[in-house]
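All chains are identified by letter, namely A, B, C and D, in their written order; residue positions are counted from 1 within each chain.
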Amino acid sequence: MVIILKKPSDNSIDMGKAEELKYSFEIELEVRDYELDCEQIVNNANYLHYMEHTRHKFCQEVGMPFIEMHKAGIDAVVRKIEIEYLSPLKSGDKFRSCIALERRGARFIFYQDLFKLSGEKVSQAEVTIVVLKEGKLSKGEEIAEIFADYL
Amino acid sequence: MVIILKKPSDNSIDMGKAEELKYSFEIELEVRDYELDCEQIVNNANYLHYMEHTRHKFCQEVGMPFIEMHKAGIDAVVRKIEIEYLSPLKSGDKFRSCIALERRGARFIFYQDLFKLSGEKVSQAEVTIVVLKEGKLSKGEEIAEIFADYL
Amino acid sequence: MVIILKKPSDNSIDMGKAEELKYSFEIELEVRDYELDCEQIVNNANYLHYMEHTRHKFCQEVGMPFIEMHKAGIDAVVRKIEIEYLSPLKSGDKFRSCIALERRGARFIFYQDLFKLSGEKVSQAEVTIVVLKEGKLSKGEEIAEIFADYL
Amino acid sequence: MVIILKKPSDNSIDMGKAEELKYSFEIELEVRDYELDCEQIVNNANYLHYMEHTRHKFCQEVGMPFIEMHKAGIDAVVRKIEIEYLSPLKSGDKFRSCIALERRGARFIFYQDLFKLSGEKVSQAEVTIVVLKEGKLSKGEEIAEIFADYL
């Protein structure tokens, strides 16, 4: 599936310019009312929950459950997040949470975008993950092997 | 669907005694890793989130979305919760969240039980809801009409 | 400090009848706006967070930090919660979170009540904790010793 | 108070280069155990909660409580967040949550940094807020007046 979107790494607010990006994984989610705040839109922090859950489902699919990795002494840790909030999620909204993956040396960049089923883009983010092995920064080789088909 | 269970209102810890209860609504959910706490089991507060989400899905199904009710000046408010934690939910667990409904005058009692897909009971709760109309305690007549088929 | 209150175990809604209870520990907290839901009152699940945080501060004070216990193979686990919601917490509210402790064999009962600084009671709860040692139910002797002055 | 730090807008991972920034507001917070995830560090989403709470306390101090603004038809909405996670928060950690404010036309940039009481930097973020008036993007003039002393 190919979708036109602007990479989050382009910091301009203007959504006009766009380039193609292929998503390698996605799940469908639905807003839960307890995620709404007093403005009756989903609180900004919950988007990070949605994205984390999507990454963990992705790790599960590639045969690398997060908890198992943790028990094996390998921790994928969030190093940086850039997220743009484009259109608020509200009660009852269903949305697709999409991932495109890129490796930059020891860092793994997850481009994570949310779209309402109507196609409207909700948010776009660039999440930088580093891998700790027994608490020490790793070059991420073993992870890269497992992700190979998605890079 | 009929399932054997002990009503939460019976406070004995012993799970032996059981009576039949018919559930009128249920959804399937899955643990999200951000819901786990440092003991790697789902934090006790998240069970209330699961149950609230299930009640709201139920209200949606009977044609009474929670937010719409709120905008119409009708607020269903949690008055009391009794919950027993029987078997912890862990990473990757999928579970059924079930509701049986009962009316007691102005109060609506939601018997809400969670079961792993294996059939093991996770938790059982009795949630007491009262209805506020323009901020004042209501007799819940209009709600009762809508719930009629489920009482 | 002595405060008049009704034990949560008394299920009557009427707040008239009261008996004395001594609290052995309390902290002051303040509502954070992200804890509000779309009705602009604190979501019911956050009360369990407030109470858990209070119990952990209590364990810390008696020299038994929760995480240290966990690392030592001792886990205090919530077995049951009964909570009554009496008066909603709103944006900006400051409140006292109070604990009175009781032991019943292998179970520890935390009576946990919240009060606005105005004195109005927000909620009252009875939280039943059991102690797991290396994953097995313990008689809670070692915990009881540490709690001795508060029982 | 003056603290040396690198602006989050400088995206390099290297923390060496630094420039001076004056914080105009800060509060002290403490990790709550329910904010930890299964890696026993504070979950990445909770940092956004800490920062939002700090912004709301700031708005409260300048005499513009968030909820009052909302009721007056003025909503401050998060448009973009860039956050770097430098050193994980763990159980029992106390930290300072600091704000430096800047205006860029209709957008307000909150530089928000967290520091352990030891002085170690926990995270640094750049949060872009836009102001909606009756749901329409505003030039933020009225807000700017109130923030004047802090810009």
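Here, a contact is a pair of C-beta atoms (placed from the backbone, for glycine too) under 8 Å apart; a residue touches a chain by one contact, two chains touch by 3 or more.
Quick caveat, the model's predicted, so the values are computed rather than measured.
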Legend entry - Pair of chains joined by more contacts [C-beta pairs], C-D or A-C: C-D
Legend entry - Averaged-CA centre spacing for the pair chain C and chain A, given as whole angstrom: 36
Inset, instruction - Calculate how many whole Å lie between the centre of chain A and the centre of chain D, each centre taken as the average of the chain's C-alpha atoms. - result: 22
Legend entry - Centre-of-Cα separation between chain D and chain C, whole angstrom: 31
Legend entry - Junction residues of chain C - those touching two or more other chains: 33-34, 38, 40, 43, 45, 49, 52, 67, 91
Inset, instruction - Could you draw the chains as nodes, link the ones that touch, and say if you get a line, ring, star, complete or other? - result: complete
Inset, instruction - Give every residue of chain C touching chain B within the complex, in rising order. - result: 11, 13, 38-39, 43-46, 48-49, 52, 67, 70, 75, 77-85, 88
Legend entry - Interfacial residue positions of chain C with respect to chain A in the complex: 33-34, 36-38, 40, 43, 45, 91
Legend entry - chain C contact footprint on chain D (complex, rising order): 32-34, 40, 49, 52-53, 56, 60, 65-67, 91-92
